[in-house]
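Multiple structures follow.
Note that subunit A is present in both complexes that follow, paired respectively with subunit B and with subunit C.
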Partner chain A sequence: MTDTQTSLHRAATEKPPFYRDATVVKWLVQITTLAVTLFAIAFLVREAGDSLQAKSIQTGFGFLEVDPAISLGEGIDTDPATGGRALWVGMVNTIRMAAAGIFLATILGTLIGIGRLSSNWLVAKLASGFIEYMRNIPLLVHIILFFVTIAVVFPDFGENVDPITGEVSQGPWNGVFHVSNKGFSVPRVHIDNGFYQWLIIVAIGSVLGRWVSKRRQALQDRTGQETYPVLSALGVIAVFAAVGWFIHPIFGFVGDAIFAPIRDLIDGTPQGPVQILLSVAAGVVAALWIRRFLAARRTPGGAAKLTDDDWFRVIFAGIAATIACVVILVLWPGLSSWLINSSRDFFDVLANKFGDGRGSVGDDPPFSVSMPDIEKRGNFANMGPSGLNLTQGFAAVFFGVVLYTAAFIAEIVRGGILAVPKGQTEAAEAIGLRRSTMLRRVILPQAFRVSLPPLGNQYLNLTKNTSLAIAVGYTDVVQVGQTIFNQTGRSLEVFIIWMLFYLACSLTISVVVNFFNVRLKIVER
Partner chain B sequence: MSFSDATAAVSDELAARDDIIVCDGIDKWYGDFQALKGVSANIKEQEVVVVLGPSGSGKSTWIRCINRLEQHQSGRIIVDGVELTNDTRNIEKIRSEVGMVFQQFNLFPHLSVVDNISLAPIWVRKRPRAEAERQARELLERVGIPEQAEKFPGQLSGGQQQRVAIARALAMEPRIMLFDEPTSALDPEMIKEVLDVMKELALGGMTMMVVTHEMGFAREVADRIIFMESGEIVEAGTPEHFFTNPQEDRTKLFLSQIL
Partner chain C sequence: MSSELEHLDGGTAELIANADDREAEEAASRPDEPSLPPLEWLRANLFSSVLNTILTIVFGLAGVLAFQRLLNWAFSHEREWDAVRVNMRALFTFTYPSSQYGRIWITLGIALTLAGLSLGLSRMVGQGFSLKRISTWFMAWGGAVIAGILLVQPHAKRSANGEVLLDADFEPVRESFGTAMADRGWWWLIGVLLLVVGVTMWVGLGDLKRRTTFIGAIPFTLGVLAVLVSTLWWFHWGNYGEQGDIIEPGRTVKDSAKLPWTAMWVVLTAAYIVGRQIAVTDRAGSVRVLVNFSWLLTPFVTFWVILRDPAIDYAHVWSTDLPMAVAFIIGGGAVLFLLTKPGLGEVGRIISIGLFGVAIFNWVAAFFGIYPMLQKARISFLLLALIALAAHNFAGERKQRLRFVLAWAGVMAILHYLVTMINAPSTVDAPDEFVGGFLVTVYIAAFTMIFSFPLGILLALGRTSTLPIFRVLSTIYIETVRGVPFITILFFFSTFLNIFLPDGMEIEQLAAAGLGFALFSAAYLAENIRGGLQAVRRGQYEASDALGLTTVQRTGFIVLPQALRVSIPPLVGATISTFKETSLLAIIGIIDFLRVANSVVPGQTVFLGVRMEGLLFVCMIYWVGAYSMSKFSQRLERHLGVGEH
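== the complex of A and B ==
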């Protein structure tokens, strides 16, 4: 053996000093990062606590239980009894705005995106003009512009006062349809007491309708004759709905017979066993996760060879499970009782909604209609549960975020369509598909797959942008929160609630978008 | 018999049949560049025509004009008695009579093999789904890959994808099939499986126009070979004539380079 070979051999077997050992270095970095993060959090919390104390600012979530003494412009409850309820109204308003906005912006954006690619010169130019106008002006300007436009263009609320009776009227169809600078109002259909019993009958009808549609479809496939499977199913459901309107009280027993016993069962559950059950569940979840993790890294040769990173994750899962157990058993026993109470309340509500005592058809129909009601002059008449209102604030924010986001979605859709290879169009043309069929069955499905991730971003943007509602006084969660912390001084707490709420919204959207992203992935080998 | 007259260069037996495609002096420009210069040729029913030529000679452009993937600017194209004009009804009618197979397969990647094949019968011919799927499976049987029915195009080999593409074109029950270099994107060992399917089709009496570089296929299957260069038909004739006794210098040069 030559000298070179021996020295090479020695270099290979020699253990490096610890600061060059890849394993040690990796662990050191992990632990240091964890320590620095924890330290930073502890530091910030302490500093915040100290300075709040120094300025004698009080903290605490007590305001959620206290009457905020405010009334809200619109929402499920315009006169909330507690601060928590007020914030909840704001959250519902935000979700309402975001959900309706995402729906409309997607449709509008897709149409405009297709329009911009149209071979029709006018359509293409109109689409690109719209896009350039919307996306080059800040959203806040759009919202305020809509707000002001509604105020200027539509007649003053309460303009027409009957000189004799003093009654306020607002056209064009008094008592039914109102238009004013405070917004629009039409009659609203809403759920009444008999709804849930009626729903049971409709559900039975749906199951039957599905069965009928399957049979009709099978018949159509066999004979080639048009049998209208979807129409027949809808017909069956309609018949059930119509008959159910008159006979729904017969299902009044469901609440007492099914949901009430469940409620009582939960009510009788002691807290201790639930705590133990929850901590065991935490342990089981961690164990299952670790098992799956190891299984995924198992090689055909046998047991997995774990990297340091893998070990870190496995240990972290164990620690997380332990912490969860400690929290459930020792630190926060209230969690278990809260779970028991809230699920009891849930079934209590069900028992109530499905319960009898809502017997008569005439008194408790499934739906009823409430008319726009103009009472107070100088105030938007349709506050609270009366007509279906499109208020000035809602309309301004809604059209603002929808049109603004639609412009961006249109560009995403256009990009998605252009990303579909030209050969796809040619193949679709060559087999004789019409343009609309080609678009629906070949181009858009592929364009949609490309567009989905950036589309998800736009949905997040839209949801977050609804917070600009504060500029026009629409009672979204930010507007309500700001009113509350102005009154109570609990700004930090309101900020935490805002952040958690928007985080929850964003995560929900991400989960939904990712679900479709994975499901629609084009299958490759 | 003049060999530069593409229409006349057919055997007597073929000449007795009806024309199914009539091309009369087609011109096609891309901007200043003239891709087709007065191309005239009539294709007979159940005839197999192979179009040869160096790349850029306009052979693909020509057959793409026949189902309006490219628009010719002057001259007439009549397919099965229907003239190709701006009338969308005529275009639709011709496209449903003419199947086309592309070099790059152009299968729809988001649809399964069966859905790829049954798409047009369901949406254009308005067939019931079950019937269209049954027909799709029969066609897969015919091209020799019934076991791939539920897979997606991305999971198939190139040769299998091209056979699915042929089945997709056949699903519309066309009277004419156009092949635009169907084997050029394939690995050598997969070329044969596609050519076999095409031979099968030719034997079954399908009218076919094939742009290809497969000389073996041309010699064996073609009724007529048309040689193009710079957007013009240079020479046409039966395979025998074309390969053994070419008349034009440009044809001889081409053959010497590839054979």
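== the complex of A and C ==
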């Protein structure tokens, strides 16, 4: 044998020393990294605990139960009784802003995106000018500009004083719609005692509507006649909603008959069995996962040899289940009782809500409306609490995020439209579709399929961008959180709540967008 | 969680880039189309159908009304544009003392020199602007100026001492329309001049010539800048002041700014011309590398050496700093020269692992106070150990090894120089932070990009790695950071960071905020780079495995160069985002560009409550910065041919 062959043979047969064994080095490096990371985190957290103790700042989530002694500018509860309630008000404000913003930004963005591709030179130039203006200036600058502009442009609040009675009024439609430099107030529609019973009737209507729509769709597919499946389903739901408005008290029994027994059942559950149940569940999940994993590695020729990565996964699943059991049984027994308590509370709320409003229809309607009013604090008129008040801060943040996101959405819509193959337009023209029909029926549906994932990204950005509200004092979750940690010093806890809240929002949006993404995908045959 | 979010990643930039491509393609597919005569153009583009006619009329009227309102607002007697003029220095450099202002100009000069060289050396030579386009610009600007002259309402009359005269209803008394028109002589001149130049170019050149003659984008921009700079010589541009006070009443912006700005323009143009000259020689490649490397160093050198003006203790430099640097250069160089010897085998490995152990122990020992060692030495030691660990990947012939050692010597020299400078106390006579205003914005953006880039690469490699623990850790980091708003992270770093640090360690608010920026930006960069990594074909990996390259060699020499090339346009996009995000510094109380306009200027006694003017100026600067960067990124994209299939 030549030299090369010898060395090749040696390389193939001899095992390298352990410190050069790829598998050993790989796992050594990884486990060291993990250990260093965990150690660093533990060290930092301990340091934080020490320095907080040295400054005698209390830690823990106790502040959620304590009166924060703050009053909020706007929201569902401007005088929250506990810290948790205050944060909840902030969260609702953020969600309100994000939901309204996503809705409006989508519509506006689509219009501007279409406008940018318009054959009208002026419209195209204006649209692209708008886009370039919005997206090249920081959102924070936009928000502050809107905030300052609103104060200058809109009339002073309550500037019309009746010379005889001294009553103040505000235009343009006193008592219904107020526009001023303090913001807008409009009538507020809110759910009333009869709402949940009415909701049951609407739910029944929806199920029936779905069935009707399927039937009519089948009929249309069979005969080719236009049967309006979606319209008829909506009609059925509307009929149920209208009828339900008058007969909803008949479902008043649901609270006492269904939810109250469930609540009592949960209330009677002792803690021990729940703990055991949870740990068994953790074990079973891990075992099932490992079984499925091993089954996936099985080939027709028998079980495949497991690589080190596979072993890692199996062992990791085992370790995770063990850690879960230890946490449930030993480290945090409160988890089980917390679970029991909160599900009891949940069903208690349900029982109350569905038990309400068994009186006459007139006393407990599903919805009621409260009109905006004017409140006088000393000499100054201000927006009263009863209407839906959109303050100057709200308006600034709202215009800011909507217009800013609309510019990005417009670019995405333009990209989507241009991504539709030219043949589609030509085919639509060939069969004589009008331009508007073509846009609605041929181009936009295909454009939205391409632009949905980036749109979802913009929705996430919009939701996160509402946090800039802190610059103009709109009481979103970040602003409330900052006020609370300035008062109580619980900075870390507030940060954790922020993080969980925004992660939950991001996750919800991605799940919803993904759902539509999957539905819109071309089904390949 | 990750799989859900992964689905939504990116896509935006790609979608828009593809759309831009398609529009450019369509425009390029009809280059020979002659321009329409004006009336036919109007009919084709504005009045082609009933709907289009209605749209044109509605939007045209709305546009004219909005334009008029904007101008009336901007030229109203209530506007105090002096708040911007007098505070020009405060907006850009905040409290930087004017006695040392030369340092600012030197910094700007360095940046402009490099910019000129880069532009001159650039291989991205586009077609530039056609004369047709330029003449339409002239006509459009001329038309806009003349329309503005006619639309703005007559100015309010002022009494002898400058007070606005009011009538019985407390409305200002305005000039008659004729006087107003006559008063706007200068504006008439500018408008008519622009219009005449535009029309002359259009008519004089003829259709074919104006469509096929091009002027380079950079020379054109330099020309426009020259006109702007020349205005400083004949227009007074209002009063000059510092921190809201007009220092000497007769001293104008013109006096203080004309010389430095002219010098800046000359520097930029000269550097551009020199760059063009070098670009055609065969040295172009190495000069380009040198310029890019200088760009990397510029933020550090200008920030810590030029602007900060450190007081250097020369005795200490001669006794400690210089010998230590030389020792590291020679000692480290020798070790590296040895370790890059081919076929060194196990000995090299053991030496480098030993070095690494000592380097780590140095930090642990210093942390727990076992024995002290200068921070500079610890950093150098760790760097040496890390490079030593990777040294066998660079094994080669004597010449290559010498070059490797030379690179080490260069890195050490720069590192020791910078650390010495950073550790010396500042002598700038400023209240607390010597940077403020636009300087903070620029430096935070620059440092964020420099520091987040390597971290982003590491995270992207981690996330695409086959090693599960690295993958999980990187994914958790990236998704958590991307899931929360930036402002919460900024709060975390600016208010809570010191809680986490051990006793005696403190970190300045600006540095903490910068750290927050870098860590946040890294997560987004990682996603961009991951897109690039996924674009590298499988065959590239297989080929490098077949050549017997190590993982480090494969990643560093084969995969990353290709991946980074693909991700350059999204990286420019990330730079624009960072530039815009710096405005968030205003919320956590750092006096940046936005905060000067929003809080500092309205707080001055002279300009109490004057906010809109400053904010609009801030808008303008941000817009110019972000818009030019995005245009640059579009050109870069076309140059790199990304999106071509």
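Here is the rule we go by: the second predicted complex is superposed on the first by the 407 of 525 C-alpha atoms of A that agree within 3 Å, B and C clash if a C-alpha of one lies under 4 Å from a C-alpha of the other, contacts with A are read in each partner's own complex, and residues count from 1 in each chain.
To be clear about the criterion, contacts are C-beta pairs under 8 Å (C-beta built on N, C-alpha and C of every residue); 3 or more make two chains touch, one makes a residue touch a chain.
Predicted, not measured: the structure shown is a model, and the values here were computed from it.
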item	value
Touching partner for A:311 - first (subunit B), second (subunit C), both, neither	neither
Contacts of A:293 with subunit B and subunit C, given as first, second, both or neither	neither
Which superposed partner A:516 touches (first subunit B, second subunit C, both, neither)	neither
Touching partner for A:220 - first (subunit B), second (subunit C), both, neither	first
Those residues of subunit A which subunit B touches in one complex and subunit C touches in the other	none
Residue ranges of subunit C in contact with subunit A within the complex	1, 4-5, 7-12, 15-16, 18-19, 22-23, 45-46, 48, 52, 55-56, 59-60, 63, 349, 466-470, 473, 480, 483-488, 491-492, 495-496, 498-503, 576, 580-584, 586-587, 594, 598, 611-612, 615-616, 618-619, 622-623, 626-627, 630
Residue numbers on subunit A that touch subunit B, as the complex places them	220-222, 224, 421, 423-424, 426-434, 437, 441-442, 445-446, 449, 520, 522-525
Subunit C contact footprint on subunit A (complex, rising order)	19-20, 26, 29-31, 33-34, 37, 44-45, 47-48, 51-52, 118-123, 126, 132-133, 135-141, 144-145, 148-149, 152, 309, 312-313, 316, 408, 411-412, 414-416, 418-419, 450-451, 453-454, 456-458, 460, 464-468, 470-471, 478, 482, 491-492, 495, 498-499, 502-503, 506-507, 510-511, 513-514, 517
List of subunit B residues in touch with subunit A within their complex	67-69, 92, 95-96, 98-100, 102, 104, 106-110, 119-120, 123-124, 127-131, 151-152, 154-155, 165, 168-169, 171-172
